[in-house]
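You will see subunit A twice below: alongside subunit B first, and alongside subunit C after that.
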Partner chain A sequence: MSSQAIKTTTIQREQKKFILLMLAPATILMLALTLFPFLVSLYLSFTDYSLIKPDEVNGIGVKNYATLLNSPDFWTSVRVTLVFTISAVAVQTVLGVGIAALLHHETRQAPWLRVIYLLPMAITPIAATFTFRLMFNPSLGVFNYFLTSLGFPPSAWTASPEFALFSLILVDTWQWTPFILLIVMGGMAALPPEPEEASAMDGAGPFRTFFWVILPQLKPYLALALLFRLIDAFKTFDIIFVLTGGGPGILTRTLNLLAYKHGIEFLSMGYASAIAIIMLIFTLFVGQIFLRRLNLFDLKD
Partner chain B sequence: MKLKSRLYAVWLPRLILYVFAIWCLFPLYWIFLTSLKTPVQALSRPPMFWFEPTLDNFAKVIQNPDIWSYFLSSTIVAGGSSLLGLLIGAPTAYILARYKFRGRGDFGFWLLSTRMTPPVAMLIPFFVMFSWLGLMDTHIGLILAHVMLNLSIVVWLLRGFFAELPVEIEEASALDGDTYFQTFWRITLPLAMPGLISVGILIFLLSWNEFLFALVLGDSAVRTVPIGLYSFIGYQTIAWAELSASATLLIIPIIIFILIFQRHLIRGLTMGAYR
Partner chain C sequence: MTLAYTMNRRSILLGAAATTLGVSLSPRMGWADSHAAILDMFKSADIDWRAFDGETLVVGAMQHPWADSIESALPIFEELTGIKVTLTKQSETEYVAEMPIKLGAGSAEPDVMMIHALGQFVAAGWAAPLDQFYEDPSLFDAAWYDNDDMFAMARDFPTQPDGENYSMSITAEAQTLFANQKSLDAAGLDLPKTMDDFLAAAIAMKTDMQAGIVMRSKSDGTAGTWPCGGFVFSYGGEVIDADGACVLNSDEAVAGVDMYGRLLKEAGPLGVGNYHWVEVLNDFSSGAAAMGCDSSNFATDISDPAKSIVAADAIYGALPQAGSKPIKANIWAWQAGINANSTKQKAAFLLLSFLNSKPGCALSSANGLATVRNSAWKSAAFQERFGAQAATAALANLNSGDAVIFKRAWFHPKAAEILDPWGIAINEVATGQKDARTALTEATDKINRALGA
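After this line comes the complex of A and B, so read on.
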């Protein structure tokens, strides 16, 4: 073997050692804090483990899953979760993209408008939720004051069976429309100006230019925004927990709240783990589709 | 004609943008307004928009020692978890940005998938594990939980910053005989400092705002600001003016923080869509 070849192999070995050492801290920590809990969760989902009787763990096979899939409560939660997630994200996307398009052509006011738009998603969510609770109050709240001033009947908002889910979607939309807006706006700023100019030269109006020229180029940004919004909306907790607690009845009880209720309030960890595992499978499935198919983060080896 | 087209092209869009800005600001304006009312004014029907403002509510709530302990807990947890997150995340981000190795895609996907996990899926085993290990109601327990929640964001954002640094400087350092680690520590990290600061600011905010884990893992002994706020809302009471003052007091520092660091936050929260 020539000395050159020996040198290359030492370099390669050095490099390999370096890579492993650099990846070690994050890998070890995340294995301990995510993979291990996941395995615990998976194991618990096949048991009747309850913190009420912590010394007793019996394997009960797939009984938790069977009970769950046969329980109408579970399917109500599935429906509520899907309605909440899909309608909230749909409204936010339309609003966010529309306003981003307007903001893109606004040069003078854009900097400070952007700061205002940042506030809803950056402010402590519980604080915002508290204000909405104040404003939703049926007798004293400012929302009903606006409604009645405009000639509409007052609403019970979060306490009403018809409007509870709508109220939650409203709060989520307040909080997260700016997220889609800012991502799309960042994307638009990065686009080359030529196609837009060419389209305007050809006599296309601003709407046609936007839908046929700009929007297709924004696909990667929109996909990124949608991926994060869908996953975050799916696991929304704070606003639902504080504003309705899943009520009235179980009309706004999402899967997340169902799992919380069984796990943290009723302490039946086995059953709650089964709900959590089903949620996890669902999100990983959606995530796989987005990340692998669209290769959003350049994840290829 | 000229005037009309200017109306459509400039002023109509601007009007919509202003209305959206008012919608974004209104809840914050409302809580601030309520905090300046007397208890009676806060309960008036219809709600009052114009009145003689009073600072009595603030005078009352700053005497509540709990408020200061919420700030202290939040500062420890958010500070600790963002420093630890950067320390652990930066080396991984650097490797993902600079080296190709077998399994890189799967490793990256695994890290990102931790961001997608529904928190309840992690919360229940954390609850069980922390009960066994005696980490319930401790700062360190909550710090670890927040590092777990935010590490994927640290790695993905920093990876972008590292990938944009010119590789030539590192090659020069390697030619000077520096080891890989010396190059990373002495050359790359200082160059990436703006990125480290941006990401650190973002995860500080995310940790500060986090609710579910703080509620379950820290509740009785380690109360962060969101949990403190929740304890105010928790009981059904009509002391709205006073509650609003407490809430305002807890929000003001974070609003100042957001205004100071808005550029970093926008870049971070939008996953680097702004470069």
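After this line comes the complex of A and C, so read on.
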């Protein structure tokens, strides 16, 4: 090997070493805060570990999973979680894309409207949740004030078996539609203008142009927004804990809340870990298989 | 630790406490003299108060009247013992979530802690056994402490099945009926004495602007279970029987929960399915409900004109009777104990026994705290702060309570797994999702599976 080649290899080795060294702190932190707890959780899910008897940890195989899969409460929580996640994200996507489409063309009002529509993202989620709690108050809240002003009977909202889940979807939609809006607006700004112009020149109206020209090009951005929102909505905890606590009954008890009940209140960490692992499997399934099947990342069409 | 009170407030508290303890105050006795008199009361105990001079202690507490009321006593403890005390307070939600994690990780702090689930804490080994300290003559003077001055239920609560005491009762409260006299007068009614009268009165007093009755029913093990427990017990039912099985599906328990649910469905406020004690207290205090049924401790806030617009109109009474069955109002005594991992357990015991002693309870009761001692409840300062009529009603309800059947459920090591399904069932009945029999049958099955019964 020539001296030049040896020198190049040495430089490449040094570069690799430098890169690995620079990545090391973040990697160690990631492993410590993500991979290690995950492995501990996975281990605990195969044990009967409880904080009531912390010194007695016995391996019980897949008993936690078997109990879980045979538990009506678990399947109720699965149903509630899926209904909440799919409904909330669907509404947010339609609203986000619709508003982005309306704000796409530069008008005098567009910059101001963009700021207003993005404001919910700037508000601390828990502060917004407590504000909504006041607004949902059956006797003093503003929602019932408007309902009664319009001649409708007041609603119990978060305490109502009929409207509790709807109330949660409403709050989640208010908070996270701006997220979808932001990503889609960014995507639309990055699209080349020529296809849209060509479509207009061919006589297509704004609706046809949007649905047949712009929307297909937005697929990768939509995929990203959907992926983030589905995972986030799936593990929503704060608004449910504050507004309904999983009630009325267990009508809004999602999987995350079920894990909290068993882990933090009942102190059954093994069982709660099993719930968390199943949630992770659900999340991986949605993230990898579901979106790939929809070909949302495929730009060939 | 900073002194949160002005000199004037301290002198009032100390004077009230001194009077409670029968120390005659000369009109010319100033703050310094009453302060010295109080200190002398503690020093009269045959205890080595200075044994841990220079030590520091951390007290973990929830946002609670007990935590508020002991703040003024802590400087006196510091002066007496030389032990510096730091009081930390958190919301109940934060405290309940954080303590199992802290204690499960073996944290040595807090040294002294409020205990919200005694059975759980004892089973997990988080609470230090106290009998060893009671038997130490340098730490405890039984004659001076006078256990007989305490309510019987307060003495019974801390004792575990193994006969050991792992905590001290620090407050005594009982389920009490409170009503707005103006609303009763407008409807031409008296305070109801029977459950049927209770339902009829609640329905009669319900208007568009005011609920007839307000009680907890949030879908949570800590919400409706306690007040509904009084209904279950008063109808002759139990939660956990002597064999350790859940018996909420008995006819008696179903009748109790059914009545609780009917009161809320037919006369409760809109949205009662999300009500915890805060909402109950707020609604009654603001005049949004004609009657309420919850802790006797509410009387301190209800009778305070600064916090309640019904202060002058509120009256208190016993839980109504179900047929000819004996009334068994639910009772509760908050517990405080010593962290089993604390390295300062003896100093911590000194603090607990200081706070729960006769002079200690006198100091707290002057702040309106419902302590565990007869002497403190009978004091003029407490009666004025709490309300004489409220105190009479609360005492009657305290004496009607049954600590044995209460402890079987609330102090069970798996109390959370008993109360959660039951709380859900109460909510389902109160919101009309299920009838009492169906909801309680499902809850009983779930609980018995969790208990392995």
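Note that the second predicted complex is superposed on the first by the 287 of 301 C-alpha atoms of A that agree within 3 Å, B and C clash if a C-alpha of one lies under 4 Å from a C-alpha of the other, contacts with A are read in each partner's own complex, and residues count from 1 in each chain.
Here is the rule we go by: a residue touches a chain if its C-beta (ideal position, glycine included) is under 8 Å from a C-beta of that chain, and two chains touch if they have at least 3 such contacts.
Bear in mind that the values here come from a model prediction, so they are computed numbers and not experimental data.
*Asks:* Touch test for A:L69: subunit B only (first), subunit C only (second), both, or neither?
*Replies:* In the superposition, A:L69 contacts neither subunit B nor subunit C.
*Asks:* Quick check for you: in the superposed arrangement, does A:V94 touch first (subunit B), second (subunit C), both or neither?
*Replies:* neither
*Asks:* Looking at the overlay, what does A:L284 touch: subunit B (first), subunit C (second), both, or neither?
*Replies:* first
*Asks:* In the superposed arrangement, which partner chain does A:L103 touch: subunit B (first), subunit C (second), both, or neither?
*Replies:* In the superposition, A:L103 touches subunit B alone.
*Asks:* Check whether A:I264 is in contact with subunit B, with subunit C, with both or with neither, and answer first, second, both or neither.
*Replies:* A:I264: touches subunit B and subunit C.
*Asks:* Using the touch criterion from the header, give the chain among subunit B and subunit C with more contacted residues in subunit A.
*Replies:* B
*Asks:* With both complexes superposed on chain A, which partner does A:S139 reach: first (subunit B), second (subunit C), both or neither?
*Replies:* It touches subunit B and subunit C both.
*Asks:* Considering only the touch criterion stated at the top, classify A:A190 as touching first (subunit B), second (subunit C), both, or neither.
*Replies:* In the superposition, A:A190 contacts subunit B only.
*Asks:* Output the subunit A positions appearing in both contact lists, the one against subunit B and the one against subunit C.
*Replies:* 51, 139, 264
*Asks:* Can you check the complex and tell me which residues of subunit B touch subunit A?
*Replies:* Result: residues 13-14, 16-17, 20-21, 23-25, 27-28, 30-31, 34, 43-47, 87-89, 91-92, 94-95, 99-105, 107-129, 131, 144-145, 147-148, 151, 155-156, 179-181, 184, 205, 208-209, 211-212, 216, 225-226, 229-230, 232-233, 240, 243-244, 247, 250-251, 254-255, 258-259, 262, 265-266, 269-271, 273-275 of subunit B touch subunit A.
*Asks:* Over in the complex, which subunit A residues touch subunit C? Could you list them?
*Replies:* Listed in rising order, the residues are 51-54, 73, 137-139, 154, 156-161, 244-251, 261, 264-267.
*Asks:* Taking the touch rule as given, give the residues of subunit A at its contact with subunit B in the complex, in rising order.
*Replies:* On the subunit A side, the touching residues are 14-15, 18-19, 21-23, 25-27, 29-30, 33-34, 36-38, 40-41, 44, 51, 99, 102-103, 105-106, 109, 113-135, 139-142, 145, 174, 178-179, 182-183, 186-187, 189-190, 221, 224, 228, 231, 234-235, 237-238, 242, 255-256, 259-260, 263-264, 269, 272-273, 275-277, 279-280, 283-284, 286-287, 291-292, 297, 299-301.
*Asks:* In their shared complex, at which residues does subunit C touch subunit A?
*Replies:* Residues 96-97, 100-101, 104, 120, 123-125, 218-221, 269-275, 288, 413-414, 416-417, 420, 424, 427-428, 431-434, 446 of subunit C touch subunit A in their complex.
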